[in-house]
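Following are the structures in question.
You will see two complexes here that share subunit A, one where it goes with subunit B and one where it goes with subunit C.
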Partner chain A sequence: MIFKVFKKQELARLHALLAVNIIVGPVSKGNDRNGKPLYDFDVVYDFSDLALDYTQTVHSPKRFVLPYQETLSTFAVSRDGWEKHVDLNVYRPLVFFGMHACDINALNKLDLVLAQSTYPNPYYMGKRKNLFIIGLDCNPEPQCFCRSMGTDSAIHGFDLFLTDLGGKYFAEILSATSFDLLSQITCQDPSAKDLARYKHVTSEKSKHYTASVDTSDLTKILDLEFESAAWDYWGKKCLSCGTCANVCPTCYCYGVAEQVDLDLQHAGKTRSLHSCNLIDFAKVAGGHNFRPQSASRLKYRYYHKHRGFVEAFEESLCVGCGRCGAACLADITPPEVIASVRGKE
Partner chain B sequence: MQNKLTFLDVLDPGPGTHRKQDPGSFEYTLPAEITSIYPLTASEKLYQIQIIDPDQRNRFSFRPGQFVMLELPGIGEAPFSISSSPVRRGDLELCIRAVGNLTNFLARIERGARVGISGPFGTSFPLKKMQGQDILLIGGGLGIVPLRSPLLSVLENRSRYGRVDIMYGAKSPAELLFTYQYEEWRRFDINLGITVDRTDKSWQGRTGLITELLQERIYQTTSLRNNTYAIVCGPPVMFHFVCKMLTEAGLPMQKMFVSLERRMHCGRGKCCRCNIGSTYTCLDGPVFDYWSVMNLKEAI
Partner chain C sequence: MDEQLSYLGVPLIRPRVGFFELSSCEGCQLQLLNNEATLLDFLNLVEIVNFREGMSERGDTYDIAFVEGSVTRKDEIARLTEIRKNAKILVALGSCACFGGVNQLKNRFRDPDWVKKEVYGDFPIETMEAHPLADFVQVDLSIFGCPIKKEEVERIVTDLVVGKTVHHPEYPVCMECKANENICLFELGEPCLGPVTRAGCDAWCTSNRRGCWGCRGPAEAANLKQLEEIMHTYGFDRETILDRLECFGGFASFADTIRAQAKKSPARRKKS
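After this line comes the complex of A and B, so read on.
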């Protein structure tokens, strides 16, 4: 990896250089009812709109690669039959300005199942491969347990990663495009002082983690505690609303529905993100539901994230961003659920 | 404009792209036509579905136990077990019960209708390994549908297999499927046992549970350990009792196969609707050996 440092004011120039493309980044969206600032990823037209000191966005960046709703194909229906047209809904590259390490890791995890497995999903791949990602270092929030999940730093899956050193940015360069970009602004090789400062910043960050999850032998514990009463306890609290999957950066489960146009000559096939907590997730035609209780659905969500995905890809599907716990209407958080399943109240 | 990023087309085929790894095939369906429809019972019909392009039809190859996704534009897409013999290739037979959106629409459709077929997907029964061995095919209700493809395959190569037993149970005589073929099957030197839960006046055969049929079969041999393979397909409660009986009769878990049903929206391991614990029914199933099923939480 190649490292560079540049002065903070150069970042606006970097933005200007990239402005021929569509730029998406964190923007401020007002305050919640407790006065806490809210952030979201949105298209940025002006550098001053970028809220680079953002804490955590309520929604993850997944909608830019996995839209909540997307037309998979359309049909032209005639008397003699029908024709299917497929459109991947991706037409141009997108620059992501200021993505935290957890979200970069979330995309890396989605790559494993959606792009690098059998039957790769072209709708996802098209959007993912056309992302230019500038990562940004962060300060842990109270809900963040990314360190437990090993996703507190990103080692691949971005083009450029910036760490704030005070007056300067420390840049990790991972692609030729980003190297080329940096050559167009004023930047230097990091001095011994910059390196010392970088090490200081990262060690300071480590001190601020408050939430954690014990992941040791978690796959086995989940199997051993499959019938645990803890699932019923959390199942009773769970409202089965699916908010957790909505804000999760790695929840990718979906449903497909087809519609006929009013003229009866066109039809469409739409993919919508679904949540395994919703009651009809595993219901088959005929009415049998393989997971009728909310406890079994909640358990399945943890099972998929921390057990099934590990078995398939050697790593957990959870990045520890804590968005699900922060958004949950019933205050169910992964650190608490996993601790109680382990028998540590 | 120097920094304008280049657009990457993921559908641009690279060298040596494997079909399963080709993103272009993801939403691709083979145009097919419903060539005939036989009503089997009040709610089930047998659809003959032919892939229209002769070249695609001949290249379409599947193994018994696999399924296809059938799509009707604007109505929906759903997985169906193939119940025809693999030698017929892209000339498929699907037995479909009218029970949901798509299947109720299919029940009203006439022959000549165009549908989209994608697949075949999933795992299959290991018929090669079963050669030289006795075979037990145990089906309950609609479970006979995925059993018909391995059965026809066995009948076509009858001399390669030992004793073949089919045990089939339905709720009532009116719900028995493929009744017109029983005599034809019997001509191949197989033991066909049929039982129903509720009888009616016309019924001359057995009444009772499928486990009673199986018990009689088990009494006829000392152990199923060395020379038998079993395929079980039916409702979850049947799996439970039948698999338990077979295990007690000495049949090793890895020689007992089941075909499971789950909700599916893609058939390609992407929508997660068919997950059982850590396993995708569409990729790792629908055919599982009993060991895998035991090893999975909430499978049956």
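After this line comes the complex of A and C, so read on.
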């Protein structure tokens, strides 16, 4: 990896160079009822709109590669037959300006399923391949347990990763595009002082984690605790509303529906993200529901994240961003659920 | 209007439909007429034989009857029974028809005569408590919402014409609200029935920063007990949740349960 440092004011120039593309970044969304600032990813037109000191966005960057609802194909229907039109819905390259490590890792995990599997998903691939990602270091929030999931730093899946050293940014360069880009602004090689500062910043970050999940032997413990009363306890609280899956940067389960247009001359096929917590998730033809109880649906969400995915890919599908727990009105959080299944209240 | 309706060369029957209203604001029917962009396609799909709000002709030969409004008078029972007899499929259109709607708010008062006096004064009028259609006739299909979402009615009518099964979302409004990338209204300090109300409205109100009032009735797995906890945690008292649960009638049984509990433990009435 190549490392560079540049002065903070150079970042606006970097933004200007990239502004021929659509830039998406963290922006302020006001405050919550307790005055805590809220952030979300949005298209950014002005450098000053970027909230680079953001804590965590309410929603993940998922929708930019995996929209909540996407038209997969449309059909022109006539008396004699039909014609299918496919649009991958990729219009222009997208620049992500300031993505935290957890979200970069989340995209890497989505790649395992949607890009690197036997049948890559072209709708996802089209968008994913057209991303330019500038990563940004962060300070852990109370809900963050990324360190437990090994996703607190990003090793790949970005073009450039910036760490705030105070007056300067420490830049990790991972692509030729980002190297060329940095050559257009004023950069230096990091000095011994910069490296010392970088090490100080990362060690300071370590001190701020408050949440954690014990992942040791978790796949086996989940197997052993299939009948645990803990699932019923959390199941009773669960609203079966799908909020956890919608804010999750890695939940990718979906349903596909076909709809005939009102004029009977057109039709379409739409993919909508679904959630394993929704009551009809495991409902099959004929009306049988394999998981009518919210406890079993909630359990399988944890099984997919922390057991099934680990067995298939040797890593968890959870990045420990804690968004699901923060967004859950019933206060169901992964650290608490997993601790209770382990028998540690 | 095309001579013969067809989809993929397969001839379809153009259903004869009638739109009717009992006690209601007729806003649901207006929603259909409002959608000018697709109105001609909609009119091509069905043969309307009765639609007081939209045309002068009246006919009683129809396959599908869409009935808006709740039943609040005895003559409406007779009219509804007649419509049921004429129709192959009877559709409850909107929250009044499905649950009693806003009209059923009057049922919540102990003294119906007082309500009548408050509203009508000394004007002589025959009125009883508000009922959903299903209290008197068999309802084959419900279209929820106050008002109905026109896109949803168009989808349902298209599905009926081409012979597809009509599906309603079983999950709550939260699902659609999050897909619209809204910040949760509870976090912004507003109460909301989104976590327990049936979706299908595309989070119409919450996307416009108005908490859900539950016009579409309960979702299939509505966890009301947890919603009560949440309301309490976020500082809303029991009356706030009841105001919303009782507004459209879809949650009437849940509201009754909460009221019964309130009698047993009145302390929770007050904000803690």
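Basically, the second predicted complex is superposed on the first by the 345 of 345 C-alpha atoms of A that agree within 3 Å, B and C clash if a C-alpha of one lies under 4 Å from a C-alpha of the other, contacts with A are read in each partner's own complex, and residues count from 1 in each chain.
Assume contacts are C-beta pairs under 8 Å (C-beta built on N, C-alpha and C of every residue); 3 or more make two chains touch, one makes a residue touch a chain.
All of these numbers come straight from a predicted model, not from anything done at the bench.
Once chain A of one complex is fitted onto chain A of the other, the partner contacts of A:His59 are limited to subunit C, with no touch recorded for subunit B. After overlaying the two complexes on the shared chain, residue contacts for A:Ile23 are found with neither subunit B nor subunit C. When the two complexes are overlaid on their common chain A, residue A:Arg33 makes contact with subunit C while staying clear of subunit B.
In the superposition on chain A, A:Val260 makes contact with both subunit B and subunit C. With both complexes placed on chain A, subunit A has more residues touched by B than by the other of subunit B and subunit C. In the superposition on chain A, A:Leu107 contacts neither subunit B nor subunit C. Look at A:Ser275: by the touch rule set out above, it reaches subunit C but stays clear of subunit B. Judged by the touch definition given at the top, the superposed model places A:Thr177 against subunit B, while subunit C stays out of reach.
Judged by the touch definition given at the top, the superposed model places A:Cys187 against neither subunit B nor subunit C.
Of the two partner chains, both subunit B and subunit C are touched by A:Val77.
The residues of subunit A shared by its contacts with subunit B and with subunit C are 77, 81-82, 259-261. Interface residues of subunit A, counted against subunit B in their complex, comprise 17-18, 20-21, 72-73, 75, 77, 81-82, 84, 86, 88, 91-93, 95, 113-114, 117-123, 125-126, 129-130, 132, 177, 180-181, 184, 223, 226, 252-261, 267-269, 274, 276, 281-286, 290-291, 296, 300, 303-304, 307-309, 311-312.
Residues 5-9, 12, 38, 41-42, 44-45, 154-155, 157-159, 161-162, 164, 170-172, 174-175, 178-179, 181, 183-184, 186-189, 194-196, 219-221, 223, 225-227, 229-230, 234 of subunit C are the ones that touch subunit A when the two sit in their complex. By the touch criterion stated above, subunit A contacts subunit C in their complex at residues 29-30, 32-33, 38, 40, 58-59, 63, 68-69, 77-82, 236-243, 246-247, 259-264, 272-273, 275, 278-280, 294, 327, 329-330. Across the complex, subunit B meets subunit A through its residues 1-11, 20-21, 23-29, 31, 72-78, 97, 99-103, 114, 116, 261-263, 265-266, 268-273, 275, 277-279, 283, 297-298.
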